[in-house]
Amino acid sequence: MATKKLAFIVRSLPYKTEASRLALTHAIASQTVEIYLNDGDLVEASVSYVGDGVLNCLKGQQGMKHYGITTIEGHAKNSLLLDMRVLICKEDLDKFGLTEDNILMDAEDIGGETKANVVSYGEIQKEMDAATHILVC
Amino acid sequence: MATKKLAFIVRSLPYKTEASRLALTHAIASQTVEIYLNDGDLVEASVSYVGDGVLNCLKGQQGMKHYGITTIEGHAKNSLLLDMRVLICKEDLDKFGLTEDNILMDAEDIGGETKANVVSYGEIQKEMDAATHILVC
Amino acid sequence: MKLAVLMSDYRNGIDMIDRLSAESLGIILVGNGVYHAAVKEGGKTSSLLDKKANFYALTEDFETRGITAANLDSRVKAVNYGDVVDIIFNDYEKVVWI
Amino acid sequence: MKLAVLMSDYRNGIDMIDRLSAESLGIILVGNGVYHAAVKEGGKTSSLLDKKANFYALTEDFETRGITAANLDSRVKAVNYGDVVDIIFNDYEKVVWI
Amino acid sequence: MGKLTIGTFSSLVGSLSLDFSVKLAEAAVKKGHKVDFWMSGNATMLAKKGQKAFKDYSFLAKPIQELIATGNFQICACEACAEARGYHKEDCPDGFIRKSMDWYLASTFDADRVLHIGGD
Amino acid sequence: MGKLTIGTFSSLVGSLSLDFSVKLAEAAVKKGHKVDFWMSGNATMLAKKGQKAFKDYSFLAKPIQELIATGNFQICACEACAEARGYHKEDCPDGFIRKSMDWYLASTFDADRVLHIGGD
């Protein structure tokens, strides 16, 4: 019985490549990993947004309207709905002049109870220290 | 009877993507374009290296040895062999501390007579001004 | 020359645009280039907007990224795909993608 | 933690590395990251090399780009793919790609 | 009305650069222009039959078929780039052609505007 | 001896990032390690049969078949990413498997090192 911790670190801008979208879909896949593992073994994923990556969290993305594709915001919401640990770097939000009002902080409208955490970079560093593996996207 | 001038501008680093390689192979394809055009009509391509793009011109690339692929240097040589106009930005070479000794200037070893031209950025701007179309890679 | 630049990147390519000289220059922000129109870093707007040019931003692309027309810098005009076609064909002679 | 960073880019990612703290940090320059090991801009070596870390550059990748071992900054050690495997498994606990 | 030639190297399925090219082509054709659309490098990924529509990915097969149906839109993939990726003649969607790079260069000859998307 | 799990999202055929992953896997297997190789996003391009060798492009089909033959190398493509690109079961090269993303997450569980190449 063991739990392995994966820290996904999203540092890239959304949409130009699939990197940030795939980070989220892979992190979410940790929830169905038990079929491959022994009883009690777990893989636990968290997602941290740093640098340009915090722009993935902007509210009101309209990818479905314009391009017929799900938004990164939607994936981020799903990760909160599934009670994933989500960290957003405060220093980087500050740099871009963004506040909690501008970004996706919860998935309440779809029944999620977990909130995103705006934290100092030091907390994200701790998340990386504590992780078994770090996956930068 | 008309000649259309295409200015390929290579600004990206080699190998990480195919951009600079494809710039050269497309420019070279201008030499066989007559089969599609009326007698006397021509498409004439030149290639200019600017910014990070000048690093495509470094001599002694060993892509074949390590990865089994032709080098960008080899494509650049072919463009000289085919008497294509090749411009390399002097300011950018200077910035990187490179001289004509470090970069591919001719295709003499394979029978080419045309040399690359190290020119000031102003000349490359003129090349763009004179071109019918500009293709940045 | 009259040149339209489709700027698709946020972190790279400004050096290329800085050097371009054109009697008439249009910069159309598309893809991740739209962040230049709306994002401030350390309180400052993108240095790209200081270039002497006409600025446009593609509505489809900034809205996709969670940016609204109200967020755009006053120097930037919101356009759609149809407008981009007209701008390219009617207002400029050449077009490049960066 | 003991962290190995595979740095594959020349123009992006330094900001990410600058913030990383690790009791032991190894930076392995691969892909276009190898330019950090050999290219000077305006006479200056890459600021990445000022980071307190052990630096390596992948021979296969710098030679592919026309750089020789003689061009490398003295802080950077040339390694091959086999060495990278050993470095990752023996000298560090975690590895990231930037 | 004019002719727009779009060349694209490496826009990726799943990014929005390839979507941009297709949407611009749609807008141009709608305004009465003719469009030639050239795919080289990884853009040849568009020239593969049987792409499945998922809501997480763009699905460009449908708008392209509609563009082809207008008669004012030609779409051509670099043959060598496609073969290198394992896309053979039988993989090529209906209405697409495959040629060597000189097809693109020739298309620029009488184009009023050339938009070359040369990077990723 | 250890286990290395390599995950790659969007390395491109024709760039050298995918080559890097394959060469690193070769070096690791040669030293006695086991390697799991996961492809998602555009990296699934590697999971297409019938790629032709040209000297301008990397040709990774051969080294991968040799790696599979060692018995210490598993290679798996994201099924949805492949289908979105028009790669179906019959396109999958011999010895490759196709699974959903949890295969990769599971592989990290007992991996000694995970190298995740998450960008282009």
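Here the chain labels run A, B, C, D, E and F in written order, and each chain numbers its own residues starting at 1.
As a working rule, a residue touches a chain if its C-beta (ideal position, glycine included) is under 8 Å from a C-beta of that chain, and two chains touch if they have at least 3 such contacts.
This structure is a prediction, so every number in the text was calculated from the model and none was measured.
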{"item": "Target chain E, source chain D, minimum contact steps", "value": "2"}
{"item": "Where chain A and chain F overlap in contact partners, by chain label", "value": "D, E"}
{"item": "Neighbouring chains shared between chain C and chain E, ordered by label", "value": "A, B"}
{"item": "Pair joined by more contacting C-beta pairs (B-F or C-D)", "value": "B-F"}
{"item": "Residue-number overlap at the chain E/chain F interface, same or different (half cut)", "value": "same"}
{"item": "Intercentroid distance (Cα basis), chain F paired with chain D, Å", "value": "24"}
{"item": "Mean-CA-position distance for chain D and chain B (Å)", "value": "29"}
{"item": "Centre-to-centre distance between chain E and chain A (centres being mean Cα positions), rounded to whole Å", "value": "34"}
{"item": "For chain E, residues contacting two or more additional chains", "value": "10, 12, 14, 16-17, 41-42, 56-57, 113-114, 116, 118-120"}
{"item": "Of all residues in chain C, the ones touching two or more other chains", "value": "8, 11, 31, 60-61, 64, 94, 96-97"}
{"item": "Interface hub residues of chain A, defined as touching at least two other chains", "value": "15-18, 25, 67, 132-136"}
{"item": "Full enumeration of touching chain pairs", "value": "A-C, A-D, A-E, A-F, B-C, B-D, B-E, B-F, C-D, C-E, D-F, E-F"}
{"item": "Residues on chain D engaged by chain B in the complex (per definition of touch)", "value": "8-11, 31-32, 35, 39-43, 60-61, 63-68"}
{"item": "Residue numbers on chain A that touch chain C, as the complex places them", "value": "13-16, 52, 55, 58-63, 65-67, 71, 73, 95-97"}
{"item": "Chain A contact footprint on chain F (complex, rising order)", "value": "7, 9-10, 40-42, 100-106, 108-109, 111, 113-114, 116, 118-120"}
{"item": "Contacting residues of chain F [partner chain D, same complex]", "value": "2, 4, 16-17, 20, 23-24, 26-28, 30-31, 33, 112-119"}
{"item": "Partner chain E, residues of chain C touching it in the complex", "value": "6, 8, 30-31, 60-61, 64, 80-82, 84-86, 88-89, 94-97"}
